Structure formats: C-alpha cells, structure tokens
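Below are two complexes that have subunit A in common, paired first with subunit B and then with subunit C.
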Partner chain A sequence: MSLDPFLNRREFMGRAARAGATLLAAGGIASLAYDPVGPGPISEEPAAAGLPDFSLPEAGRRMCIARGAADRSRALQLALQAIGGIEAFIRKGDRVLIKVNAAFASPALLSATTHPELVSEMIHLCLKAGAAAVRVTDNPINDPASCFALTGIGEAARRAGAELILPEERFFRPLTLKDAVLIKNWPVLLAPLSGVTKLIGLAPLKDHHRSGASMVMKNWYGLLGGRRNIFHQDIQTIIAELACMVTPTLVVLDATTTMISNGPTGGSLADLKETRTLIVGTDQVAVDAFGATLLGKTAADLPFIAKAEALGAGSADYRALSPIEVAA
Partner chain B sequence: MPDACSNNAHSPGGPRSRRQTLIGLVVFAVLAVAAVGIYSVQFRFNPAVLNYLAGAAVVAQPSASAEPLLALPEGLSALSPPERFDRETLSDKINGKAELYLSAGFVRLDCQRIALSGGPEDWIEAFVYDMGSAQNAYAVFSQQRRSDGSPLGFAEFAYRAENALFLAHGSFYLELIASNREPKLLESLEALARGFMARRPAAGAAIAERDLFPREGLDEAGIRLIPADAFGVSGLDRVFAATYTADGGEMTAFLSRRANPQEAADLARSYVEFLKAYGGEASPADAPVGGATVIAILDMYEVVFSQGPFLAGVHEAPDREKALSLSGRLAEKLKEASRVP
Partner chain C sequence: MRIVTARRVSQVFFFVVFVWFCAVATLGEQPWQLRGWPVNWLLELDPLVGLTTLLSTRTLYAGLLWGLATLALTVLLGRVFCGWICPFGAMHHFLGYLGRRSRRLPAQVEMNRFRPAQAIKYYILVFFLAAGVLLPREWISSGSLQIGLLDPLPLAHRSVNLILLPLADRLGLGPAPLPRFYEGAGLIGAVFLGALFLNLWIPRFYCRFICPLGALLGVLSRWALWRVGRTEASCTGCRLCERSCEGACAPTETIRIGECVMCLNCLDECRHDAIAYRTRPSAAGEALLPDLARRGFVVSAVSGLLAAPVLRLGGTSGPNWNAGLIRPPGALAEEDFLARCIKCGQCMRVCPTNVIHPAGLEGGIEGLWTPKLNFRVGTSGCQHTCIACGHLCPTAAIRPISLDERVGRSAFAGRGPLRIGAAFVDRGRCLPWAMDKPCIVCQENCPVSPKAIFTREVFNAVRTIVPLTVKGTDRGRLLLASDALDAGRFGTGDYHALLSAGLRLRIAANTRDALELERPLTPPESPAPGSAVVIQVRLQQPYVDPKLCIGCGVCEHECPVLGRRAIRVTAENESRHPRHRMVL
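== the complex of A and B ==
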C-alpha cells in the first residue's frame, strides 16, 4: 500500500478523527440497543428439566380391555383386578394425582370430559389401597371453576375424598423437555405434582377435529399453560412430546360411550356411540393404539402414535402386550 | 510533475476512484442484506418467547352488549353472563374444533348459558357464531349435520337432535345444547331459536349450488359445503359435496363454482395430478362427459371434469359405470346452469 502524495498530515489527522468518531457513535448506539439478557422465562425460576417418572418398573407393561362395559365403576374394578389389582400400583402412604379431562364446561351427558363416576371410583380405589391423599386436577380450555362444576367432576372428587386443585398462575413453572421441538421453557402445571408419588390419567375417548382422536396421551395437554393453542399448528408433535414428558403409573381410557364425530366438543347425543369398552394399562401408546380401533381407525391413521413410539413413550403394537380381555 | 499514473489515480473518473466506488457499493449491499436479514429474523420467535410476551393476557371478552344473547321466553333466565370470542380466542372456547370455523370465515362467537327458572341444573348453552356470510354459515351447519336430526318447519336449514337444536340463519350459525333430557328444557329450544330469528331478520339464504345436484338417489340433507382442503387436497376450496345411494352403494358428487372456465379447468387438472401422485390410474372418458378423466384409486373410482365455470366430478364411487352415469347427469345440470347469464 503506497502513501497518498496529496494527503498532508493535517488532512490525515482530520479524516482519522472523523472515522474514529463514527465508529464510536455506532458502537455507542449499538451498546444502548443491546439486550444482554434477552426475553426471560415466565418466572425467575430456572426451567424444570422434566417430570418425575411415576411408572412402576416392576409392574411391567400391562393392559386390560373390559368389554361390554355399561357400569364404569364395575368395569374399572374388573379391569384393574385383571392386571393385578389396584394394590399392584397404589401402596400404603402413596400420594396420588389423578389427571382428568375437564376441558369443557359441558355436562357429563355429552361425554366431552371424564365421567364423574369414573373419577369417583378411581379415588375410592386409591384410598382403599391405602393412599394417603388423592388430588384431582386439570387446566381446562374453558373457565376452570365452571368446568369442574358443570362436568360434575368437582363434586365427584370432593365427595369421594380427594383434594380438587384448580389451576392458578402460580401453579405453573416453565419446563424444557430434553430434545423437544415444542416443549421448551413452556409453563406446565407442576404444583399439583409436588409431593406426588403416583400419577393416573383418566381420559374419555373422543374424535378430534385437529388431531384425529383425543385419548390418554392428548389428555396431558391439560397440563400445559400459556397460549397453548399455538401448538394446534403441530398437534401431532405436541401430543407425542407430552407422552414423552409424562410417564404415568397408570392410564384409563373410557370408551363406555365414545364421541365418534364432531369432536372434541360434540354437542349432540348423535355424536356419541355406545362402544361399551374400558381400557386400563401402563403403556399409554399401546392404550391409544387400541383406542383408535374403536373410532374405526388404525394407529397408522393417527401420526402422533407413531411419533410417540419413536420418542420412546411406549409401543404402538398393543397386541404385543397380550392385553387381557374381561367381560364387564 | 506527477506521472501519468498518479494523475489517473486522482482524476474523478480514474481507475482508483472507480474501484473505491465499487468497494463502497459492495459494503452498502452487504449492510443492506444484513439489515433485511435482521428485520426478517426478528419476527421468528420461539413459541416459549411468544408465550412469555403474550402471557395469559388473551382471554375471552365479555360481550359488548349487556342484554341477554337471546330473547328469553317465560320460565328461562340467564345462568351466566354473555361471553364473546374472536378469531384469536375461539380455541379458548372450542379448542380443536376452532379450525373448522376459522377455515369457513368465522368472525365472532357469542355464547351464554340459560337455565330453567328454579332449576339451575337444567340449562342450555347457546352458541351464536357470526360467520360473515350465509354461505359460510351453511358450511359449518352442513359439515356438522347430525344423523338423528329432525328438520324444523320454521327454517330451511335447521334441525332438532335429541338434546340440541342447530340452525343456520343469514350469516349466523346457532347451536342450542341442553344439559339433559328434561322435557321442559327441550321444549324451550325451539322457542329460543324462533326468538333468535325474530330478533335478527335475514332473507332466506339461497344456497344456489344445492339445486345443481341431480335429484335421483340424492340425500338432500347430506349436501355439505367444504370451505377448504376438500378430500384432503390443499387448495381445493368452496366445494359442495352430496351423497348418493345407488344399488346399496354410496358415492359422492361434488361441484365448485370458480371465477371462470379457465380456473375450473386448471383446478380439474391439478386434482387429477394429485390423484395420480397418490397412485391413481387415469384414463380419459369422453362419454357421457366430454373431457372427463376417470381415475381408479384404492379400489374405487373418481371422475373429474370442468363444465363452464364449474369444477365437478364424482368421488369414491364403487364402480366405473355408476361413477360415469352420475357424472353425466351432473354435467347436464351444470351445462344448463352455465347457460344462465
């Protein structure tokens, strides 16, 4: 690089000073605009890394299909007996959380939510097996108080001796699921799980306009907070990730009366079909795979089943569990 | 005296000046690209960040009106205040079913619970969907039509199910859902619907496409308007579909009025390509419909053609002859309609 013969020292100093001032000004403006922290999480607490594993390795992968079920209580008792009895899952002193589907403020008649009779019976069985406490919760789509009141779940839970936990903002904490695409720093209803030793999911079988079906894995959607409806854009993935996030002790799929069309809200009794089946199992993917058949579908028709299996949440081949069939 | 080279370097149009200008332009171009990049990336938030920013602030709004949503007949009273949901909040009320309404042009939902006086356990939930147009209201009405529905005499698009009443009236779609089978409660469903219609007079919604389906074998109550992604095909929108029963088998005839004949022909071609991409075997069929394509796929038959501004055809027919016969009758009706100015 050669020196410019027309540039004298004064001119050089002037240009250098102007260039320096420009750099300083740009740097100053950038440092004022720079946010070294970025948007923070919802609370100051660090994101939880996941939920505890509530499964019982010694219970293995068990599944029972109770056919001809008209009386939910009886069907639940028989199905549980067939896979070792409630005592195989609930021990003396356990603190149990029952996650119901109370998504809508609609009457039990419409089968859009977990039936209160099933909630009541499960609480009785847990307490009979020696559970120290039973909690019931959900974060419904509609107003929680209305949902628990109008579905009958709130009253059923209280009468059976459970503690009903309605969601409040302070009960949510951000959670990041390892390797997840969607569940990252997302608010999850964690407070009701505090001190809990066993987790049971109770879900009705329903058609679902967006995902194809709402069963036990979709039921965990009610643990999410925030503007969770944005997950509807990728509902198959969020259901699979939820199944990965939650490892329950036991799941129950109530297909005594199934919403076979216009789900998940339904509205007419014509949307319902008496399928008279109740499924109890420890593998939520397998239970959903069987549930699909009651909607006239196969597991292959519902992509979230294969996705959940790929993530290691369970097996879509429910026959491999040699499900026990009982007449209810 | 400076040499020729030095003179060139400092003349306004000299090589060094041009090089400096070029370098300056390149720097500006890089800065512009960086600015565009930053501008576009700043809108791609992680869902968790969106959630953080939005918080739980978006909630259902109380209805703007303090009046009850429906005129309440004697013996009924409001159990809850009216609520209002818009496109942003609809899923807070109906969750996964929101997409059905949003794809059909949904504008607003007003809802309220109404109870029998003195019987708070006997209640009706009223859902009033403003769909923006009569055709949109018909779309959501027809797609959810229940099999056990009994038509109601006081409105063209209305039926009673065992525990509920469903009605499309003007640009509104109304659902009245009872909490149980209490006879007094069920009796009040019709009174509420009539009151709703009286309060919002609307001209009878003529859904002209309904009359374009041939009558023989038609299940008239089953004519439905699919607003988007008909038969799983992206871009196949505003499709009327009707179920036909022939010799114990079922098939579906469909039609969609497009902006002009060229658009209809283009859409027919792209639908045929879609079916071929999924393993369909196409063959031309000039009779009874000129220019139609028959596609054999998954042990069933599809017929696709265009007639004037209409895309039309037959979907999931059990055999080729039946599919072509119904296509011929449909094409005749569409030919007549295309002639009408």
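== the complex of A and C ==
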C-alpha cells in the first residue's frame, strides 16, 4: 500500500486507462464523423427516364364514337365492340391500371369526376377478358380519401373487384421525360404502375377555364405529384408533355353528360349539358380533338392539341382515323 | 376475483375504449372508422363538462346528460370514476406504480401520504367554475369556459388526438392515410408528458393536486353511501395500506373521504380486516370536506368571476376580433363559442382534410387550443359539403348543421350558403397580377357554382430587350428585324402578337427571329416591313365575388405562391357573426 494518501499506483493506472479509453473513443468517433467540406447543395434523387409504352401496335389507331349514349355501361360495351372488343386490348393475365379523374370531392351527379358506373363496367370488362388484376388510382386535388368516397369511384372499384390505390407520399418517384421542358425531375405517381401491363384512361369531358378543356390528355395531370399547380403557368405545354409521357392502351372520354361551364369543378346541375356521347380510342390526341367539338370548340382553339401532335403523341385530325360511329 | 383485479380489468377496459374511440374518430364507413361509434361517450360521462357548460349556457347539451350517471355513481359509491373509469387516471395510476414499485416500504408510504397541497385542485375547480358563469350580458360578457385546459377527459382526448395518433400515423400504425400536422402541438405535448412524468415523483400527481374533475367528485363523494374506512378491529400500524394508496387519503388515520379514488388497494393489503368498504363511518374518524381556507376560496372565486370580464376588455371577441382566426363552419358567434368549447380536439381529429388546428393566442388567452382553420396545412381547404366537425362537437360550440344549411338550399335557400370567411387576392403576390405569369389555379379550384373567383382578361406587353420591328411576312410566319428572342419562349399558347393595325394573333411558336402565328395572314393583314410588333401575354387576373365566396380556403390551399399565399381567406364576412358582415 502506498503511503501517498491521494493516489496509489493501481488507482493511477486505472484512472489513466479510463482516461485513455475515453480519449480514444472520442477521437475515434470524431475521426469517423470528420467532415472537412460540409454539406453541398441539395442532391436530387435519380429520376426515372419515363413510363413504359402501354400501347398495342397491332391494335392500331382506332376510334369509336357512340352517339345517343344514356347508359354508360351499354355505350362502353358497344363502342369497344366496334373497335375489336375489349379482348383486342386486354389479354389473359394482364395487370391493368385504370386512371380515373377523381380530382374533386363531389358527387357523381355533378359530373366533375369519372362516373363510377363507367369505372365499374370497365373493370368488369377487363376481368371478363381475363385480366389478372385491375387497379384504380388518381392523385386528386381535394382530400384523396374524401374524393374517392364522395365520387363513388372507391366503392365502385372495390365492388367490381379492383384494387383502389390512394396516393401516398412514398408512391411518387421523380421522373424526367426526354426532351421535355417541364417534366424534369418531377414526382410522378409511379408505384401503382409497377407490374402493370395495360393502362386505360377514363376521363369525363369538362370545361376548363385555363386550358380550354379537360379531357383525356389533361386527365394524366392526376399522375403528377408535388406542387404541380406551378404548371398552370404553362398549361398547354404540360398537357402536351403529359400526353407524351403516357402512351395508354386505351382511352375513354365520357361525354354522356358534359360540364360545359364553371369547370373544372362545376358544382351545379346548371353547369351540365346532356351531350350523350362516349368516345373510345387508342389515339388520345384524336379523341381530345373530337371532344373539343362537343364543347363547341375546334382543335385549333386548344393549343395543347397541336402541341401534343407536334410531340408525336397522336393525330389532331381525328377524321383521318375514320372513327366508327355507333348508336348507343 | 380480488376486488383490485376487478378494478384493473375495469381500468384497462375503459382505457382501451378511450383509445379506440379516439382512433375511430376518422371519417369513413369502415368498422374502424367513425360510422356510429359513440366517440364522445367518455367526454359526456365527465360531469364537469356538463356542469361547466350548464353554468355558462344554462343548458345541458344532448349527450352531456351522461354526466348524471357519473354523478349518481359518485354520490352512491364515491370516486369510482377516478379509480375505475377515467382513462387519464389509469395512465397516472400505471406510471405512478412504475415510479414507486422498486422503492422500500417507508419511501412508498412517504410518496402516498396526504399533503395539504392537495387542496389546490379545489381552488382550480372554483376558479374555472366561476370563470364560466354566465353573467348578465350587460356586465360585458358571457362566461369564459376554460375548464378544457385541465379537465382530464378533454385533456386526454386532445393529447391523444393531436399528439399520440399523429405520431402513430407517422410510424405507419395510425388510421390516417396521410401524415397529419397540428399547429402548436409542442405545448399540448409538453403539458401531456409533464402531467404523466410527474407520477414518477408522486403517484397520481395530477389527480391529487390539479384535477378539477377529481375535486368536483371529491366534494360529491362526501355523501357517498358506502365508503372506505377503518373498522373496529385493531390496526397493527403496519402501514401496508398506505403503501399503495392512490388517492393519498390517509386510510389509517382520519380518512379524507374526498381524496379517496376508490382504488381499494388498502382493502386488499390489510391482513387484519382493519379496513373495509361499508356504510358505517370510519372508526378512526372521517374528514368529509377538504381543508379549504376561506381566503383561498374567495381569491379563486373572485378572480374566476373577474377573469372573463377582464379578458374581454382586450376586445378580441368584440371590435378587436382577429380576422385571421377562422372558425369551423357552424361555430357559434365568438362569445357563445367561448362559453362552450372545451378544447377537446374532436373536431380537429375528425376533420377529413386536417385544416382544423388548435389555436395559439390568435383569439386571446381564452382561445388557446380552440379550433381554427389553417388552409396551408392539410389535404385541401375546408370541404364545402362536409359537416363532420359540428356533428362531433360534444358541446355544440360548433353546431351540428345540416348539409342543406351549409350549402344554403331547401329551407335555407333564402339565407345562402354558410360563410366562414372571404378570400382576398394579394395583387402584390399574385402571379397574373404582379408577375405577368398566367396561373388562375385559385379560379380553377373554387368549388362553388357559379365560381366565386372569376377572371378578367388583360393583354400585357412582354418586357423585351428591344422593340420589335417586322422584316417581312411569310404566310403565317412573321419575320423580325432582330434575332433577340429566346427560341420557343412565346409558343406556350399564352402569347400574342399585336400588329400595328390592331390585329392580335396568338403565337404558336417562335425562333430567335420569327414568330409563327396561329393562322396565315391574309394580304391586307400583313404588316408592312418596318412596322412595329408587340408581343403580349394574355393574362386572366382573378377577382373574388364576396357574395359567392364561402371562405372554404381551397384557393388558398392550392395557390402556387407557397410561403405567404397570394390569395388568402380571412374571417371577414363570416356568417356566424352579423357584425362581421362586409358587403351589402
């Protein structure tokens, strides 16, 4: 035992060892975490290069206009039959995504959104044609859960046997469209598209104050995430780029009842007109070009149609497709 | 079964019911959503909610009648509510147990001894009751109902609704599909956690010192037919009963009847039958009333009575009302609202779009944690066909309006839709007004028909570097003398060329030195070489029609000027208060 009342050898060694270990640990952590540069600018998540092409080359560019349509299910069946039947587009084992317009939390009666009956019938047809699974999705403007509930689309999809996908933050991935001016590193609702082999657009025909009309091409806006409102500053270009981004298997424009004023929200029966037409086609530009006429406009009044055509998304001259007209 | 086991089963049951009711207060039709669950039941069982709103409104609203059941239970059996039912009490009970279990017997007895400071809760009760009393209107004000700050059931609901469930949502365990935000959650969370952690020092700290409901039930339990007390059997003085006494009511001595929370641990612990739950008074004597000093009682009563009139001198519910404080649709006029709101957060929880938030000091101190709308947060503005909040409000501070009343149809057609405010365009921030940028997202999203936001079209000359002159024309192409343009910039469909003859044509595309027009020019239209051409941007500038605007805030939510929105709703023109009317 040491005579030093303050410190003996054993205790000194013990303390020195603990002090040394503390310093070593601190130094180790410091050197591991040492960052001489500091943070750089925001790094962006690598963007997807584009969406798969869902069109069927063998289906060609076809279009059918069902006139006198009152019953949406019947009109859809007849129009599809005229262009080869659903079997021409949906094969056994296909996984189908139906992009509806569920933008607003308003009842189906007000025609601001895709009609649930149409959603239902399309799901039935796909399943009948042998589709392995059908999904329904949209990234609405109003609260998503309320939108799918109030429009009746959610219930219709579930009942008909489809999977309803409400947008969640993690379902979006940045995407950059080749040669695009606007869709650059922008969040897109990609998760519902994974594993999907066929894509169908179901859109209502509506007045739209800023762009002139909301039809099939404008419906793809619902695949965008983020603060997409910024694109309203160049609405014609974004619609054309969306048409470029998405090459659907089939599109349906429902003009059974058309919102001819106060669009795109409507809100009153006074905003609606019975136009009793339903258009089915594979060329979204042509379908929109025809849709414009139902709003009393021409394709030339809507710059996004010419822009989409110039970008190769389809043909603005719908007559060149010799659309088949059927009475529904 | 031992009596304390029965008590624990009851506590767990009511705690699970409480958490379940909080979780299912989510709009929807699934079994785990609102459907018909009586999600307000525990709030309604709280007789303090009933009593305070009775004092402040002289009415007892709907389900608050349930408070009578608790009252009856207390008068017959003592504070069974505190020890067997109250979910907040159960939390304290459990944490207090964790805090004391590893200590030695004397330390536990010390933690659970009666303290004179337990009288504080009675002063708190007196203050809140007095503050809420409806005074004659001519004395400045109605009462200010502040009981919700500390009443355990509103406090617990608020904390779970606005803190725990949103945290669970973030971990993917909660019911909301999208993460929820609540302004000022920090303070609510601090009060909640503070109340819980105090149990580690003194078990049931909140129940013993603060809880105004405990105080009310304590006063009522003085008439209880059955009570806990000493029997005539001799006590060995082991003090095991005091080790786990939840109410700190001194069961071995003169028992404080008002403090006993009916945990019945003393009965369970005593091995000598020296304690019983019976009709005869305690053999060791009973103290039926709390030791309240007259001075303290008078101070709390008078300051309570003065609180509302003094606070109202700030004028926040009068001429100094804050237009930034937008109340949910159906909210009563501010003074009547403050006489009812218990700050429980049920409206904030059920709001499908997460726009209802606990207020900070926007409505004065009185308005703390009352509901206000924040349109920047949430999934969209206040949906104009939604009436969920009023139907969940347990005290009708937000009236349970019908959809017809909200949108102004059928019987309400003459009154028009319910307005919660009005939107104002900030022309210094709005893109088409201030920045020459087309936008009108607000107009597009305006949900009423006809739209309250309308636009007027203007053509503004684009700020270009050089004045442009025509070099020549080639059918639809206008060739320019200079090559100063950005290629492609003017082809968006919003730009037009104004020719000297006053002819305006849309530009379809442009290169550095030529404009492609929407159609070929006819020979008489073709401008002469050397004449001027002006490029204009077509703007639709938004305006608000105050007759149609309901203040739903969808425009504010959608405005792309994200920081401080270029269109904002304030409570101007709200229909809940005729004095706030703005236009004829």
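In this section, the second predicted complex is superposed on the first by the 283 of 328 C-alpha atoms of A that agree within 3 Å, B and C clash if a C-alpha of one lies under 4 Å from a C-alpha of the other, contacts with A are read in each partner's own complex, and residues count from 1 in each chain.
One rule holds for everything that comes next: contacts are C-beta pairs under 8 Å (C-beta built on N, C-alpha and C of every residue); 3 or more make two chains touch, one makes a residue touch a chain.
Bear in mind that the values here come from a model prediction, so they are computed numbers and not experimental data.
On the shared subunit subunit A, the superposed partners subunit B and subunit C overlap sterically. Of the two partner chains placed by the overlay, subunit B and subunit C both lie in contact with A:230. When both complexes are overlaid on chain A, the residue A:262 reaches subunit B and subunit C alike.
Shared-chain residue A:109: touches subunit B; no touch with subunit C. In the superposition on chain A, contact is made by A:270 with both subunit B and subunit C.
Within the superposed three-chain model, A:186 lies in touch with subunit B and out of touch with subunit C [touch as defined at top].
Once the two complexes are laid over each other on the shared chain, residue contacts for A:208 go to subunit B and to subunit C alike. In the superposition on chain A, A:141 makes contact with both subunit B and subunit C. Legend: residue contacts after superposition of the two complexes on their common chain; A:304 is shown touching subunit C, with no touch to subunit B. After superposition on chain A, the stretch of subunit C whose C-alpha atoms clash with subunit B is 329-337, while the remaining options among 131-139, 167-175 or 329-337 stay clear. Judged by the document's definition of touching, subunit A residues 104-106, 141-142, 146, 150, 169, 208-210, 227, 229-230, 232, 235, 262, 264-265, 267-268, 270-271 lie at the interface with subunit B and also at the interface with subunit C.
Remark: subunit A residues 5-6, 39-42, 103-107, 109-110, 141-142, 146, 150, 169, 174, 182, 184-187, 208-211, 214, 225-227, 229-232, 235, 262-265, 267-271 touch subunit B in the complex. Chain contact summary for the complex, subunit A toward subunit C: residues 104-106, 141-146, 149-150, 166, 168-169, 181, 208-210, 227, 229-230, 232-237, 262, 264-268, 270-271, 300, 303-304, 306-307. Touching subunit A in their complex are the following residues of subunit B: 2, 6, 10, 46-56, 58, 80, 91-100, 125, 144, 146-149, 161-164, 166, 175, 177, 179-181. Those residues of subunit C that touch subunit A in the complex are listed here as 27-29, 177-179, 352-353, 378-380, 383, 385-386, 431, 437-441, 443-451, 455, 488, 492-494, 506, 508, 518-519, 540, 554, 558-560, 562.
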